[in-house]
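Here the structure is laid out as structure tokens; the discussion comes afterwards.
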């Protein structure tokens, strides 16, 4: 198949913003996007399948399913309409061209619905386990066009440290912006700081990201029930963590033979 | 070539069920499927070759042959006709898109013969060496559509533990179901529990799987000569185990240089 | 490019036999084929380039060149004409589909010149360092069609141990036969036994292989100057060994960072 | 996308020479080419993007950008016009066919502007840390056609040691020459010797390379401000070094899980 975009319904959207959240560090992007999907009155309208995803099916709610990306829309009466993209997995292994192919198809959908701005959500691990973050985790930002930074100057997004400390973004979260820029779209990346071992789901960091998205889009998403909502997602998040660990093992060349053998059908 | 389907004969089949058994954990799926092929009056009617298989030829019965999948059919006078698929190998390395390409071609054949239900057979390793399994190994199940579970409620298949304990199926056994579902077919995966080191062929686990297939399809396959039949397959199964070990080494990045060098022509 | 066949001259060949020798275990196949090319009055008539080869250029005779396969022909007044194929490298990394693509192109050339039989030459490592081989190294054989074995029953080729002890052939030497068989051609694989660490060039093993080829094709190639001819090839063979070591490192995932860094341009 | 060449402006160039400098050992090629671009009155006229590059965006000058190659031209009133190519990265992982695809596109541009000679710049690590190089680092050379060596006999380029000591060139620096030769172009590779750990940027070695290029093309580039110019590039060079380390890790199969996890978006 390579990469396949299945549009289930053609919603009527005005100048929408696309918000992406894939699994990754602390699952920050995925949780933040899924929380907004659950909170707002969104509706699923498209799916993306790809042979660049891992050759794995998830078993959930007693059914097997291919790994996929899902697109939801929200008609915002008071402002810009929104498209949310969440995924079960990053595209393929690091270093493969799969990442590019999948991002192209996402941008094809974005162009079809006249998206001119993309916000990608992810996590950034400081690598410090147990570090004190008294003022809560920071949210680092990066943009496709430097003149955008001015627009967000009162949002609390930290742009300064992104350039000097991070220097590069790996995987879908960054690539989608880089490729959007090449197509003439604007993009903003928000990365919630997460302390400690980065594969552990970090709802606190996601909260910081949602707060900023809610603020800059002026959509008033309350954060009280974040913890509860994340608990509801927990069973599925555990599966994603399992997937990510498998994926890590593959990248590393793998050293846990027993573990691997237990999975191969 | 990529993936090539060679249909040798076009059998007349009515609403057939496709039963798949590839090498994998404990070789449970391959043994179970091959045992049924040998027991029933089946006939080979198609082969599948793919450049996604490992660049290896097997030497068997004094002849070299490419790795391949083989399709057999059985005209069942008292019920649904059957197509069996057995293979020498899983498709390519984990993580490659080869798995998807090969599964697509298998489903092309399935559609051509109006298959509406697929049963994939595999093993599941508990990872417990020498574990006591007093009541014999369990058979875990997974389905493409949750409403199918009801149909199998008296079959002895354990669906409960699949969702919570397994969570995902890796490789052809799972992928074939996920992709069949996307084409509107129904699928059932049966995984025989196998204790101990998973690469060792486990006929006992395969017996449990055959028993359930025989029961749900009502085809009355006796199990007395299972052990004898598996002994006949032994020389070939050893070669498959060799292949699987090589394949594992590749996935791991490999650490046994000597071993590897001995094979490269 | 993928894989590109450049035919320099179209020789007039009658029912030729194709003899292949690629680098591999003990470089047995490559040395044996190159020795025959140098001894007989052969002429180069085609080259094959592929993006499945490693992204490396060799520096030889003060010039850089891409890795390539070379085809030579020999008009045999007393029997079947011959085509020789030697290569600088096996195709790509193990596990990739590159091996298949390159073999297809070789067979395209074979079909164009009406080749109906292919002889592939390689080595087989016993893994025993310093093992005594009093009667000289054996030559193991494998065929595409079991009825061919009878034809070679007095040739001294050992077919018995191939099936039981080897069981599979990895890389071009085997794959070319498996794919030739699928196109309706006959094939014979000759593997010279080589003791010790397999990456070391083993002219003694190659001698045994040349002796058998000379005998079954009745082309009377003397072996006296084998050692001398191999010495002439030595500088180039050292480069091939360097290539093979690099290739091994890649397959292994690599552990010698220093070594690797020294090569990257 | 695969590989995409975006020509921004079509300069009028007479029989230009293409000079390439990619990141690599000691970043010698990249620094040397970038220094000449900064010193001469060059203008950017084309970019190349490829899905064979790593799925990473760089954050520089407060903006995210895909990895890319950049082409600059210089109209030389007193001699041949020049095209400079610098890149953020080598193409893809070693062993992939990405290297070939990217090189083909570079040569497509070269042919379009009637380039008949290519000079590729790189480094060569002696592997000796702290080695004394009293007469400054040597510059080793390799050519596509041995008769070119005579032309450079008074240039101070060392051709003798290239054949015997190096024997092969890995990656874009070599491949571009090998493929140019196949298209009928001439090529020269200049490799600045660099002592010590090769991933560390080595401006001294680059100086030796620039001196020779300036000399053989007679373009009179002074070397006094080399150190200062390299300091200006430092922030970006640090990012390239980060990229190269990541790339190394991938080639090695990776062993620093923490490090890797910190990057995945």
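Just so it is clear, A, B, C and D label the chains in written order, and each chain counts residues from 1 on its own.
In this section, a contact is a pair of C-beta atoms (placed from the backbone, for glycine too) under 8 Å apart; a residue touches a chain by one contact, two chains touch by 3 or more.
Only a predicted model underlies this, so the values are computations on that prediction, with no experimental measurement involved.
A.B. asks: Relative to chain B, which chain has the most distant C-alpha mean position?
C.D. replies: D
A.B. asks: So chain A and chain D: same face meeting same face, with over half the numbers shared, or different?
C.D. replies: Different residues, largely: of all residue numbers at this interface, under half are found in both copies.
A.B. asks: So how far apart, in whole Å, are chain A and chain C when each is placed at the average of its C-alpha atoms?
C.D. replies: The mean C-alpha positions of chain A and chain C differ by 50 Å.
A.B. asks: Quick one: chain B and chain C, Cα centre-to-centre, how many Å?
C.D. replies: Centre-to-centre distance between chain B and chain C: 35 Å.
A.B. asks: Scan chain D for residues touching two or more other chains and write them down.
C.D. replies: Only 252-253 qualify.
A.B. asks: So which chains end up touching which?
C.D. replies: Result of the pairwise touch check is A-B, A-D, B-C, C-D.
A.B. asks: Mind listing the chain A positions that touch chain D in their complex?
C.D. replies: Against chain D, chain A makes touches at 22, 24-25, 29, 90, 94-97, 99-101, 104, 120, 122-125, 127, 142-146, 149, 159, 162-163, 166-175, 177-179, 181-182, 187, 189, 191, 197-199, 248, 251-253.
A.B. asks: Name, in rising order, each residue of chain D that touches chain A in their complex.
C.D. replies: 1-2, 49, 51-52, 54-66, 92-93, 98, 238-239, 242-243, 246, 250, 252-255, 257-258, 260-265
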